[in-house]
Amino acid sequence: MSASFHRAVNVLKKMIDTPIASYFNSCLHCGLCAEACLFYTETGDPKYAPIYKLEPLRRLYQQEYTLMGRMARLFGLSRPVTATEFEDWKTLVYDSCTLCGRCSLVCPTGNDIVSMVKCLREGMAIAGHAPQGMIDVTKRTLETGSPMGITWSALQRKIENIKTETGLEIPLNQEGAEYMLVISSLEIAHFPGFLTAVSKIMRQAKKTWTLCSDAFEASNSGVHIGVSDIAKEIVSRIVAGAEKLRVKTVISSECGHAFTALRWDGPNLIERPYRFRVRHIVEVLDEFRKQGLLQTIGHEEARLTFHDPCQLARMGGVLEPQRKLLKMVASDFVEMPDSGEYNWCCGGGGGVSDNEDAKELRLVAFTRKRAQLEAVNARRLVTACANCRIVLGEGMQHHQMNVPLLGLTELIANYLLETTAGGTE
Amino acid sequence: MENREIEPLESSMVHGVSRRTFLQYCATLASLMALPSSAGVAFSKALSSVSRPPVIWLSFQDCGGCTESLIRSNVPTLEDLLFNSLSLEYHQAFQISAGIATEAARKDVVQKNWGKYLLIVDGSIPMKEEGVYSTTAGVSHYDLLMEMAKGAAAVIAMGTCAVSGGLSRAYPNPTGATAISRLIKDKPVINLPGCPPIPVVMTGVLIYYLTFGAFPELDALGRPKAFYGETVHDRCYRRPFYEQGKFAKSFDDEGARQGWCLFELGCKGHITHNACSTKKWNGAVSFPIESGHGCLGCSEPGFLDTGSFYRALSLPEKPIGHAVNALMAGAMVGGSMFMTNRGFKMVAAHTHLPSCVADLEKESGG
Amino acid sequence: MSEFQWLSWIRGVGLQSAVAIFCMGIVWRTMEIYTLGRKLDIAEPRRISGASGWHTIYRRFLAPLGMIHLDPVTYIGGYVFHLGLLIVFFLSEPHIHLIRELIGLSWPALPPSMIDIVTIVTLITMIVVLVDRVRKPLKRFLSGFGDYVLWVITFLPVLSGYLTVHHLLLPYTILLALHMISVEVLLIVFPFTKLFHAVTVWPSRWFNGNTNARKGVPV
Amino acid sequence: MTNSQRIVVDPITRIEGHLRIEAEMGEAGKIVRASAAGTSVRGVEVILSDRDPRDVWVHAQRICGGGCTVSHAVASIRAVEDALHVSVPHNAQLIRNLMIGTQFIHNHITHFYRRQVLDWVDLLSALKADPKATAQLAENISHWPKSSPGYFADTQKKIKGFIESGQLGIFANGFWGHPAYQLPPELNLLVVAHYLEAIAWQRDVVKLHTIFGGKNPHPNFVMGGVPCAINLSGEDATAVNMAGLQIVQDMIHQMQAFVEQVYLPDTLAIAGFYKDWAARGEGIGNFLCFGDMPTKEAGTQDSFFFPQGIILNRDISTIHPIDLKNATEIQEFVAHSWYKYSVGDGHGLHPYEGETNLHYTGPKPPYEYLDVNAKYSWIKSPRWQGKPVEVGPLARVLMLYAKGHEPTKEIVHDTLEKLSFGLDAFFSTLGRTVARALESKLLAEEMQHWFGALMINIHAGNLRTFQRDQWDPSTWPQETRGVGFTESPRGALAHWVVIQEGRIANYQTVASGTWNAGPRDTTGQSGACEAALQHNHTVADPKQPIEILRTVHSFDPCITCAAH
């Protein structure tokens, strides 16, 4: 047994807990989790059944933490879990799982499968079976501060551009600001309009806000790849930044996983509560809306639908705000079938979009999204996650669909009362 | 054994039974045992022979009930058997002499009839402590049985005690009481269980043996199929009530008075192989179920150790015991799993080295 | 061993042992599972009404939106046979009689004809569920030897119970013995197989529901 | 004393169970010390432990399947009923009485003819009898219809044929021609004929047990009453219907007829020729009855047919009361019995605290003699206030007589007059035998009354035969104890039970045989049977100890009961 495999088993042993034990003992092999998983529904391949992805973990649990399992192993009645098995499971645990959590929602015995996949990834990664793309992303995050290698100075240049283009001031390292925004480098690279939109909205809402040079990146590939130690290191930067600037609220940008990592995983990773709140930008917008700080004018006339990012909605509990916000600015908002907490994943969450090996499968899985979109025949597709946006774009391109994609924040910003003169985009 | 035949009429007149009645009796016996009518003729010839085949009856750890049951026989009567059909050469409960004279008579009979006599045994044999728990004339009953079995042509284990140990063998079997068939292996042994056996079963088998020199067809437990082939329930006159789900719930409720099925009062008729419901008892006047008490299962091995006589067969033999102990044992196992699992987890936590990005690219090997 | 002794063993030592193993197993397995410990979530919870572990325990009885169409056999079959097992076990006269003997509690029974119908429906449903498991590649893939064995172990008590009540095929006592032994086998394997889900399903749902409820997701 | 002066009679035949007598002989063939040893044991009291109290009557009943098959079941059930305070319905009391009564008469007649009479009657002498004279004799002593010369000639012919066949079987080595046989050939023939008739008679009268209990031997009982439901209208629903009750009535008549016209006349006729046995075989002189046959629902002693009490030293003017639950009254000793007491073998234990630890210390079989100075029997030695007592028909008749029971007084005086004896003659082997016949007659008459009372109840619509109130163990106290007593044909019988948490915690039986055939106790006092043998017995021929048999059989000892 190699040191890394040994360490992997060790970490899994550390992590296996009562809920996991309870879940494994509840499983009936009914296959309903598969019916909820787009990798199974779109391929029909039973190996993509979510619970099957956990086989190594289940066996490890049985062999380590049940008397029957220990005895079986003692008498040679069960094979120990091996490194080869981890290797074999790599495609199941990383390529065909977006941590979307839909399986956890439908399991009739209540098994939280996605939590177990996250657990298993912990071991797989340490054993050296994480996909190279995700390793690279993680490495870049640790080395440069951002998964895409975008440095603070690169961001500063973007900010300069925005200032030049729109005249909007983006505060940097403002101690005592009410809000601190962390953004996904995807947005910096692909959707700079997001930052502009936030600036406009903040201006209209008259809120103090800031970016932090030490902690501008929202996404946390440590959570994706499944290494808590790394995830902790990444989240700690934001915590340090926010606490240094003494902000009240950290706004997670339109990136679902980043929100999950910061909002739900972060305190558990650093093992203490934050001294600030964490809110997704959509939540913040909704708070502004409720306080009447969000004045819009006009409506998007084209039929418009919303893709609920898994981590925002199902895994994040943000279900209503986006709808209320949309209704402010869209006259023909339609819900896709299976919307809200039952929405289907774009197919690229959980680091899958970083994983080149998974691309083909991801595009197959997109069939599900296409069907959803076609069902409502929407002319616009809005979402609130940069990663979803990119994956959806890729998918639509691959599937030769032509539905314009928009971020929710940008859509709102487009209809802000004071920005009408400024034109759209 | 060679029987000198005489005219049946003459013989039957001796004991005051008409020839017609006598032949009718033989035919009835044949039909009782589900034998062809030719067997009835064979019976009548054998029963009329002048030389009566020798039978020796030994009682060990018994209660006397089997002997009493034999005495209750109506067809044939004990008098008929003794005077006309067989020669009861030895039976302590009848023997006129006592002591030395009896012992001498026993030895004499064995010697005279070596290899020919039929040995009937009632009661079990205590095997603990070299058999000190049961002796006659200073001889342990085990030794006595083996001595007497040596010269026997065949052995009948009479009654549940001899067949399977009966009362003496009931838990905890203080004397090591043992069934006859476990001790005698080199002779044909037929088992006639029942506490006591039905008289006609005793006499029927006796007469069959005396006529044909062999035992009738036996089941896996060495019991004649003719009498033990069906369960008491199979032919019970109350069975229709069972089928209708009409059960007496108490011994003198309306159901009991209407003769409803006694299943819920613990009747063991379903699993008891015996002829009570067809042959009935004491001149076919009644049988236990007809008189309101469930079948005790007295012809089945271990019937005294099978839980309550009043608990329906579909219920557990007795209330669940040991549940608390089992829960405690489970708690102990669970507790030790808790300790070891916690230990493993703590070791895993303590030996965990923080992972860094360099760890991710390590190739795992074999 | 005679039929009498066989049945006696089954109603006596066999049953006592099976119940003992069952009791021991339940405690042992429950402790084994629920003493592993879990980390408490320290992220600031989002509290919304209608979301909690308890809600989830209840809510998972219902098929989620759209799912029932994807796998009607599992859902409807599951409902029917679970309900059937419960009705047959708890509402048939012989079982109530048994329970009264054991713990002194009793309640009214359903008429035998109703129990018969439920039993037959249960049996048919279980067969349908089995056929589905064998025919559907997904389920076949997920099923191990144990799944089929456990199907048999669950099916036999119902079947033998029905045959026993109606005196079909075999002598009553053999059927009674088979019925009891099938229940004993069920009791013995119960704590050590997926049948244990009858215990773990409640905490599992609670954990899942609690995790989601903290995030404000009513699942 | 050397062993050559010791007569060993083993087996004692024509009894239930395995009894051995070792008689140490003095001058002129006189028995100076007799030791009675039960040589077979099953450990029933151990077996009965830790069982359901409602079940144990089944096990207890199987202590004896001979003349006590009803008695142990009844004692066991009454013990449990006493412990659980169950009150038995009147009908059940009456049915039990009828069954007990039948058991008495059945046993007494079976005992007399099958087990006892050939000690007094010489089979070979019967061949010399003149059938006509026999018929004459028969008509002189009774109205029994079977008394024609032809009948006796047939019987004689049958016996003759049997003896001439050379296959004597159970009659082989009988002590025929022994000088102790003193009856004229005609009386011998008469009794032999009745010997055969008794076999046929007994097989019929047990039908009473079959109607109520389903079978005999070992009819069924139930705690709280009797299991037989009564239904006069429902044809064949249950055995206790019109037809069944008619059979019961017939059986009572048959019993009365046989007792009055055969058994009692035969007994008295025989007794007339053996008057010397009225001065031999006197027992201890202490007579104990537990009493039985409650005729009221409550089952209290005042309604007993057989009274309870104890007579000491043949003083029938005083009946001492008995308390079966008093720890100092009835105790069992094991000084000469193969048991071990945790408190030491010298002590006596009241049955509630009784112990049954089998502990054999005798010689290793095969053996010739027992060491009668050490332990020598599987029977314990029960004592009342340290005194040995005799139980059985004689004790009961004396008790009835002492209580002034009119019919008893009448029949006793009649008998004494006929035999020209004084009351003292009862304290003997002969007295014991005659008392048995007298008791049968008294009981046969009484049974008609019980049956009448039962029929009155039934016709009044009272069909209650069972009482379920204490059936459920959850109604029982944590710990309770009780004693159930009955009079068995062979004498007083009681079972003591201790019930803890619904199971039998201790079970002790003191049977009639235990009182009568038990060994000596700690202080060397003999049991009744031993004492009787030590009284005025000479054995003419050590190889044919017919004298010993006469006295032993006069007790009708039941050793399966005694040693259990």
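The first chain written gets the first letter, and so on, giving A, B, C and D; residue counts start at 1 in each chain.
FYI, a contact is a pair of C-beta atoms (placed from the backbone, for glycine too) under 8 Å apart; a residue touches a chain by one contact, two chains touch by 3 or more.
Just so you know, these numbers come straight off a predicted model, no measurement behind them.
S.K.: How many steps does it take, at the fewest, to get from subunit B to subunit D if each step moves to a chain that touches the one before?
M.R.: Minimum number of steps from subunit B to subunit D: 1.
S.K.: Report which interface contains more C-beta contacts, comparing A-B against A-C.
M.R.: Here the pair linked by more C-beta pairs in contact is A-C.
S.K.: Between subunit A and subunit B, what's the gap in Å when you average each chain's C-alpha atoms?
M.R.: Distance between chain centres, rounded to whole Å: 78 Å.
S.K.: Go ahead and note the Å separation of the Cα centroids belonging to subunit A and subunit D.
M.R.: Taking the average C-alpha coordinate of subunit A and of subunit D, the gap between them is 96 Å.
S.K.: Hey, how far is the Cα centre of subunit C from the one of subunit D, in Å?
M.R.: Centre separation, subunit C to subunit D: 61 Å.
S.K.: Taking each chain's centre as its mean C-alpha position, how far apart are subunit A and subunit C in Å?
M.R.: Each chain's C-alpha centroid was found; their separation is 38 Å.
S.K.: Could you pull out the residues of subunit B that touch at least 2 other chains?
M.R.: As it turns out, subunit B has residues touching two or more other chains at 307, 318, 333, 337, 341, 345.
S.K.: On subunit D, where are the residues touching two or more other chains?
M.R.: If we look for residues of subunit D contacting two or more partner chains, we find none.
S.K.: Spell out, as numbers or ranges, the residues of subunit C touching 2 or more other chains.
M.R.: Counting only residues that touch two or more other chains, subunit C contributes 28-29, 32, 35-37.
S.K.: Pairs of chains that touch, anyone?
M.R.: A-B, A-C, B-C, B-D
S.K.: Subunit C touches which residues of subunit B in the complex?
M.R.: So the residues of subunit B in touch with subunit C come to 221, 231, 233, 243, 245, 264, 268, 270-273, 297, 300-303, 305-307, 311-323, 325-327, 329-331, 333-335, 337-338, 341-342, 345.
S.K.: Which residues, counting only subunit C, touch subunit A once they are in their complex?
M.R.: Residue positions touching the partner: 28-29, 32-39, 41-44, 46, 48, 56-57, 60, 64-67, 70-71, 74-75, 78, 136-144, 147, 192, 194, 196-197, 199-201, 203-209, 211-212, 215-219.
S.K.: Using the touch definition up top, name the residues of subunit B that touch subunit A in the complex.
M.R.: 333, 337, 341, 344-345, 348-349, 351-357, 359-366
S.K.: Write out the stretch or stretches of subunit C touching subunit B in their complex.
M.R.: 2-5, 7-8, 11-12, 15-16, 19-32, 35-37, 94, 97-98, 101-102, 112, 167, 171-173, 176
S.K.: Hey, which residues of subunit D end up touching subunit B in the complex?
M.R.: So the residues of subunit D touching subunit B come out as 7-18, 20, 39-44, 46-47, 52, 54-55, 58-59, 62-66, 69, 110, 114-115, 118, 123, 154, 157-158, 161-162, 165, 167, 169-175, 196, 199-200, 202-204, 206-207, 209-222, 224-231, 234, 236-240, 244, 247, 358, 360, 362-369, 378, 463-466, 468, 543-545, 548-549, 558, 560.
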